[in-house]
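Just below is one structure, and these are the notes that go with it.
When the chains are written out, they are named A, B, C, D, E and F in that same order, and each has its own residue count from 1.
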Amino acid sequence: MSDDTRYERGRERLREVHGDRSLATIESMGDLGRLIVEVAYGDVYSRPALTTRERQIASVAALVATGRSSQLPVHIRSALKAGLTTEQLQEVIIQTATIAGFPPAMNAWSTLKTITSEGEGVA
Amino acid sequence: MSDDTRYERGRERLREVHGDRSLATIESMGDLGRLIVEVAYGDVYSRPALTTRERQIASVAALVATGRSSQLPVHIRSALKAGLTTEQLQEVIIQTATIAGFPPAMNAWSTLKTITSEGEGVA
Amino acid sequence: MSDDTRYERGRERLREVHGDRSLATIESMGDLGRLIVEVAYGDVYSRPALTTRERQIASVAALVATGRSSQLPVHIRSALKAGLTTEQLQEVIIQTATIAGFPPAMNAWSTLKTITSEGEGVA
Amino acid sequence: MSDDTRYERGRERLREVHGDRSLATIESMGDLGRLIVEVAYGDVYSRPALTTRERQIASVAALVATGRSSQLPVHIRSALKAGLTTEQLQEVIIQTATIAGFPPAMNAWSTLKTITSEGEGVA
Amino acid sequence: MSDDTRYERGRERLREVHGDRSLATIESMGDLGRLIVEVAYGDVYSRPALTTRERQIASVAALVATGRSSQLPVHIRSALKAGLTTEQLQEVIIQTATIAGFPPAMNAWSTLKTITSEGEGVA
Amino acid sequence: MSDDTRYERGRERLREVHGDRSLATIESMGDLGRLIVEVAYGDVYSRPALTTRERQIASVAALVATGRSSQLPVHIRSALKAGLTTEQLQEVIIQTATIAGFPPAMNAWSTLKTITSEGEGVA
């Protein structure tokens, strides 16, 4: 596959998982954005062995555990979009608390609450 | 539910998820072990909204992302036991690499390889 | 001890250590909040071998070292309430700088300054 | 105070807190070792507002929370030497688990157990 | 060298690398600030084996990898001042993404963009 | 550029920077290894704006700061190969200590010492 093909596939996958706004944000990040589109979405997110729903469980858990709060809202929204319920996302957060402690879980819980109380919500 | 009941439920759940050896290890950790049995397994792991398989996706992703290498072998074995395939665990590791970088993913890949090449393996 | 008893004990302990506002915040966090009340305060914070003052030294050091800035203000206030002086908290921050670097210590120093310059202050 | 005076003070303080073996290890680390002796022990550890015992609570909590396993044995021994009991160190570990998760606490618990079961033990 | 001499040297070095505003901020941080001036700038930043430009590559990479976002703007500005181009700083960020993941790199990219689009910019 | 071309370029770049043994290790890591070869070396390490020597300063600093000890020996060797002297690498480690604390710097110092005292050494 050529770079252009992988980029195009990544663009579409990113848009499918996260929406137009996220795609625009990433595409404004020059070469870093290109790498993310190609690698994270053209390659990793496009691999079939895990469903998007399963990928979101992993992404949310990893982001919560490492305290990567800036990217958590986007991934929580994508998780809801991929079929995880609010209750299931609460469970992922509680599960991660046993591994990374209560503080990051508390931040994530608040973020999830803000997003779900807005219904759809915007980033 | 009384503490004793929660402890007993936790013991059985820990044994179910991780096996006898892990249970013995945790039970040798005094009050910290008791807390883990009651909280992580009597409470968190016993909650129904996520399957064990889904919980293991979250646990493995969080452990890889935070570089908690000591606990990863046990959780990888439990993930395989809960129905995740080697290929799916490889995907969880690759997914986490996009969030936490290649080094922790490389360590986890090697750990997974060691475990699966032993077939069953021991903790 | 039953869950209800532990929850009640945790509520009172949380209120004693952190105040009414923190208790309300935690109690708004559904099952995560319940876990924190029961485990962190009904169990851990209620154990006698360390004084609250000593627990706060540990909590502040751990929060500073891991950069858990969201929870630091509450714990700094509780540390002052438990008998640590501003100067002693500055020492905990400087001590943690040798272990975790200057950046998180700088953030914590500013947080402590904001709180103590307000006198009592609110969360 | 001149550098030499601070270095000498740091040497003595390091030896007092951690022992001859640790001092020798640090002194074999060229300019990094010199910085540690001067800064961490000639300056920070020599400041009066916290007792050594209190400093060890902070150091152990910070090391456990950040997973700095290599330096933990030395600091646990120094904590015991400074007057913390095994039970109190167990409490510091359990306290840190609520902030940083169970995995690093489990590693620290095992380390503490190894050291205390050796009685005095050597680094 | 006496403490006063090292402090003076540190003050000048800090001012040279980061500017007057940063110096004022650090000097408002009591004993922590004094330690930073003496150790990080009077000692470390004054050592000749690396150029300031090379030190900034290391500092920016370390700050991005550990997610120390509060201190990143100052160090990015100092990196530009020391001769690194915007493109080179983008490369440092992309390089760090392979080690610490995309999220911290994305935050850093945005910070760099904000600073360079302001031209000179203020802290 | 097609995937095959990027992979080939990555292979050669990896070999050039880290040597045959590292290439073999990475190539034994299935799809994760492929991603590393293509992304980290076919793309990132092949970009011209930073020299390999500058990239190694960034990589070593990031690895030390995040405590990624498993990958540090390889990157230290590559740094020496790329033209950084032992003294300069010591400076990078000391610089990183101001950002991430003394413990990871101590581990890195020992690793560097082991490698340089072996002369060439093997991974």
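Definition applied: a residue touches a chain if its C-beta (ideal position, glycine included) is under 8 Å from a C-beta of that chain, and two chains touch if they have at least 3 such contacts.
Predicted, not measured: the structure shown is a model, and the values here were computed from it.
**Student:** Does A-B or B-F have the larger number of C-beta pairs in contact?
**Tutor:** Higher C-beta contact count between the two pairs: A-B.
**Student:** Which whole number of Å gives the spacing of the CA centres of chain D and chain E?
**Tutor:** Taking the mean C-alpha position of each chain, the two centres sit 29 Å apart.
**Student:** Where the CA atoms of chain C average out and where those of chain E average out, how many Å apart are those spots?
**Tutor:** From the centre of chain C to the centre of chain E is 30 Å.
**Student:** Between chain A and chain D, what is the gap in Å from one C-alpha centre to the other?
**Tutor:** 39
**Student:** Which positions in chain B touch two or more other chains at once?
**Tutor:** Chain B, residues with two or more chain partners: 31, 35-36, 39-40, 44, 47, 63, 65-68, 71, 90, 94, 97-103.
**Student:** What pattern do the touching chains form: line, ring, star, complete or other?
**Tutor:** Per interface graph, the chains form a complete graph.
**Student:** Taking the complex as given, what residues does chain B use to touch chain E?
**Tutor:** Of all residues in chain B, those touching chain E are 65, 97-103.
**Student:** Quick one: which bits of chain C touch chain D in the complex? Just the residue numbers, please.
**Tutor:** Chain C reaches chain D through residues 39-40, 44, 47, 49-50, 54-55, 57-66, 68, 71, 85, 87-88, 90-92, 94-100.
**Student:** Quick check on the complex: what are the chain A residues that touch chain C?
**Tutor:** Within the complex, chain A touches chain C at residues 67, 90, 93-94, 97, 101-107, 109-110.
**Student:** Sort out for me which residues of chain E touch chain C in the complex.
**Tutor:** 29-32, 35-36, 40, 63, 66-68, 70-71
**Student:** Could you pull out which chain C residues touch chain B in their complex?
**Tutor:** Of all residues in chain C, those touching chain B are 1-3, 6, 31, 35, 39, 43-44, 47.
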